[in-house]
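Take a look at this one; I'll ask things after.
Should a chain be cited, it is by its letter among A, B and C, assigned in written order, with residues numbered from 1 in that chain.
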Amino acid sequence: MTFQLFVQLLAAGVLLGGVYALISIGLTLIFGVMRIVNFAHGEFLMVGMYLAYYLVTAMHVNPYLALVVVAPGLYLFGLLVEMAIIKPTIGKSDVVQVFATVGLSIVLQAAALMAFSANVVGLNLPITNALIHLGWLTIGVPQVLAFVAAMLVAAALFIFLGRTDVGRAIRATAQDRSAAALMGIDVPAIYRLTFALGSAMTGLAGGLLMPIYSVSPDVGTQFVLVAFVVVVLGGMGSVTGALVGGLLIGIVETFSGFVIDPQWKAAIYFVIFLIVLVVRPAGLFGMRGSEEIAS
Amino acid sequence: MRIAKYLLLAIAIVAALAGPLITQNSFLRDLWVLVAMWGAVATAWNLIGGYAGGLSLGHAAFFGIGAYTSSLLYLDLHLSPWLGAIAGGLVAVLSALVIGFITIRLRGPFFALATLAFAAILGIAATNLSALTHGAEGMTIPFAPALRNAIFSSKVDYYYVALALLLIYVALTWWISVSRFGYYLIAIRENEDAAQALGIDALRVKLGATLLSAFMTALVGSFYAQYRLFFEPSIFATDISVQIALFAIIGGLGTVWGPLIGAAILVPLTGELQSFLGSALPGIDAFVYGALLVLAILFVPNGFVSLIRPLFAGKRTPPATRQPVEAEAEAKT
Amino acid sequence: MSALLQLRNVEKRFGGLQAVKDVTLDVEPGEIVGLIGPNGAGKTTLFSCIAGFHRITKGSIVFDGREIGNRPAFEVCRAGVARTFQVVKPFARMTALQSVMVGSFLRHRDAASARRAALDVLARLRMEHLADVEAHSLTLVLKKRLEVARALATEPRLLLLDEVMAGLSPGEVPELLDVIRAINAGGVTVLFVEHIMAAVMNIAHRVVVLHGGELLADGTPAEVSRDPQVIAAYLGEEYAAGA
């Protein structure tokens, strides 16, 4: 492998990793605070992508301007889902929590199928095809924007969680929900906010992915498994973990896709996933034992 | 109450034995076979998912292993699928041993994710090891009806094979539920620490349930291959694992009859939804199905068995002893 | 005759925190030993070390001539040591009888004899009338008693009771003391943690005081309650004046 090829692959891997980090932050935030694994996470991403697609194609909005609508739209969507489906499952058994969101994912996929048919559609605009040439290194503009956005979102989340009163209340709830309640924190309100916020980030991710990938009703299933791998690798509930995990998986995927048959690359990260679960189920940045708290 | 119970049981037995004979309609006969078949798989899943509380989302792995093993042995080595099914069961046990060691310590959603990943890896392998599995084009078994080939020209014959498996599984589950193994599984589900403190080797007991469940699931996978005579790597898909789990959950987790009841409700429901709504607008059938599932999970979390059970609860828990204790509990805690 | 349970220099660290320091203790067969000490003294941690729920960082725990330190909990139970939990861990959706059967299955393989043994244990705990009540609907006091029943059903030689009297009204204490005495009379050695001092002084043959993870005193109830160190650390001046 030449040096140039190595750098090219590394750049592609890092950019892909940024995308993976972006789609995982919402999932890990929701898990960290509410101890709920949202099995419909991929469908939230799908909803965000379709919303962006609709705004761009039907209303001729710039795909990046569309984010201004997509993120708040998904915030609202998350709020409604939390109140209708998630809230009634809080404190219930794992079965109820897991399968309520599994059922939701079936509903959302079916709804998308009804609304948009099974066709795979994508955007084809000057900006979605734009490339940056740095000497012999070539990278796509949408990829760079998605990567930058991932970093900004993570940074904004850090500041929000660390510096604001609401953010501190969220962190307190994540650590111990009953102690937080005793301190006067409105835990149900924090849950609602967290779920909506996580959904908004996932919507943002969907909007940023739309210029890069095509969308179809089952697009979520492709991404959700990667998001699970990233979140488990980084540590459930850790935003830093989602960033690092996303980058690692992106790089591994790019290089393994070059070395072995790309058909097998998904198997590679599932194997990584299982290894992490065996060796360190708390992930790279997770609290030890966090994998058991959910029970 | 007792009489009602036996009467209902008698009606159920007659219906189960005669069911597919009363119709010539191929679609309806297919439904009978599918209810018995998915009922059997869900009953197998229930051992680990319901009794031991391990929420597996990877049972399609064992189902697919059964289908591939018996079919490959039949097509390549001309081994009778009856024996091939046993071989498939053993391969499933071996794979369950491997995945069991990895996942058995994980709890709740983590166990679900790990089992899901396991089935996904097998699906990728089945797609890409084309020399062995014929890859994405799938496995086709030539139609050669013979008892030895486990291929029949009538769906009724298939039905009785599936029914036999189902009845054996239900009987086995009943026997487990009243024996030490069953008590241990439930104790581990309810509180693993407390179970350990009472001398239960929780990992070993759970692993035992996983192996048994894998074997049972694989047998039905072989049956499925001989019944459909065609399958693809999508047999390992998460959808199938989710379906299997849902039958048991909707029917009633950790109960003897729940998984069968769940299959008896959901299999015809999906079939009907597809045939009546599916053609009107693609997706509406799945939408209704998914919405009903969410409602059932939220409002009937203990499954439909919990709605029927009061009919039979004649003498088990006399309300007279129960009420005061509950009242006391509320007063003191 | 050698002790049933021998703790030698047992130490348990959680990272930088030394929860149990160099504890050496013998429990003789047939004894009822009370383990007391202020909150955070390491009593429950010591129980968990003996029962195999915590790994010990130093020392040895020998039960009936066999090393049980750092053995898994289920093995310790099979060897003949059963425990209850301070924070109850009920099998919520099992009835009281079924919960106790989980314990009695250890020595009785078939369901019929496990059931008989479990009913017998429930009778000894005076809760046979609750056999068909699901564990989650029992009061906390009864849940604690059900823990004792479950543990006893494994037919242990040593029973570790962790604050089973907490929450009892003063009128209810003597009844449970009778039950424990009867268990002891049946040949089961008892080591218990308790905060109700009257109960400890009433029933214990011997009292061991733990303070800051260390063994502070070991003697008859009368000796311990006169020990100036114990009074200063735990019992308080008031108690000394009363005694």
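The criterion applied here is as follows: a contact is a pair of C-beta atoms (placed from the backbone, for glycine too) under 8 Å apart; a residue touches a chain by one contact, two chains touch by 3 or more.
All of these numbers come straight from a predicted model, not from anything done at the bench.
**Q** Identify the chains adjacent to both chain B and chain C in the sense defined at the top.
**A** none
**Q** If you average the C-alpha positions per chain, which one ends up nearest the average over all of them?
**A** Chain closest to the assembly's C-alpha mean: B.
**Q** Using the touch rule stated at the top, which two chains are linked by the largest number of C-beta contacts?
**A** A-B
**Q** Determine, using the mean of C-alpha atoms as each chain's centre, which chain is farthest from chain B.
**A** Following the centroid criterion, the farthest chain would be C.
**Q** Can you work out the whole-Å distance between the CA centroids of chain B and chain C?
**A** Once rounded, the distance between the two centres reads 42 Å.
**Q** If you average the Cα atoms of chain A and of chain C to get two centres, how far apart are those centres in Å?
**A** 48
**Q** Can you give the whole-Å distance between the Cα centres of chain A and chain B?
**A** 32
**Q** Mind pulling the residue numbers of chain C that touch at least two other chains?
**A** Not one residue in chain C touches at least two other chains.
**Q** Using the touch definition from the top, list the residues of chain C that touch chain B in their complex.
**A** 51-53, 72-74, 77-78, 82-83, 85, 89-95, 98-99, 101-103, 105-106, 109-111, 114, 129-130, 132-134, 137-142, 150-151, 153-154
**Q** Taking the complex as given, what residues does chain B use to touch chain C?
**A** 178-180, 183-184, 186-187, 190-191, 193-202, 316-318, 321-322, 325-326, 328-329, 332-333
**Q** Taking the complex as given, what residues does chain B use to touch chain A?
**A** Listed in rising order, the residues are 53, 55, 57, 102-103, 105-110, 112-114, 116-118, 120-121, 124-125, 127-128, 238, 242, 245-246, 249, 253, 281-287, 289-291, 293-294, 297-298, 301.
**Q** Mind pulling up the chain A residues that touch chain B in the complex?
**A** Residue positions touching the partner: 37, 85, 88-89, 92-100, 102-107, 109-114, 117-118, 217, 221, 225, 228-229, 232, 261, 263-264, 266-267, 270-271, 273-274, 277-278, 281, 291-292, 294-295.
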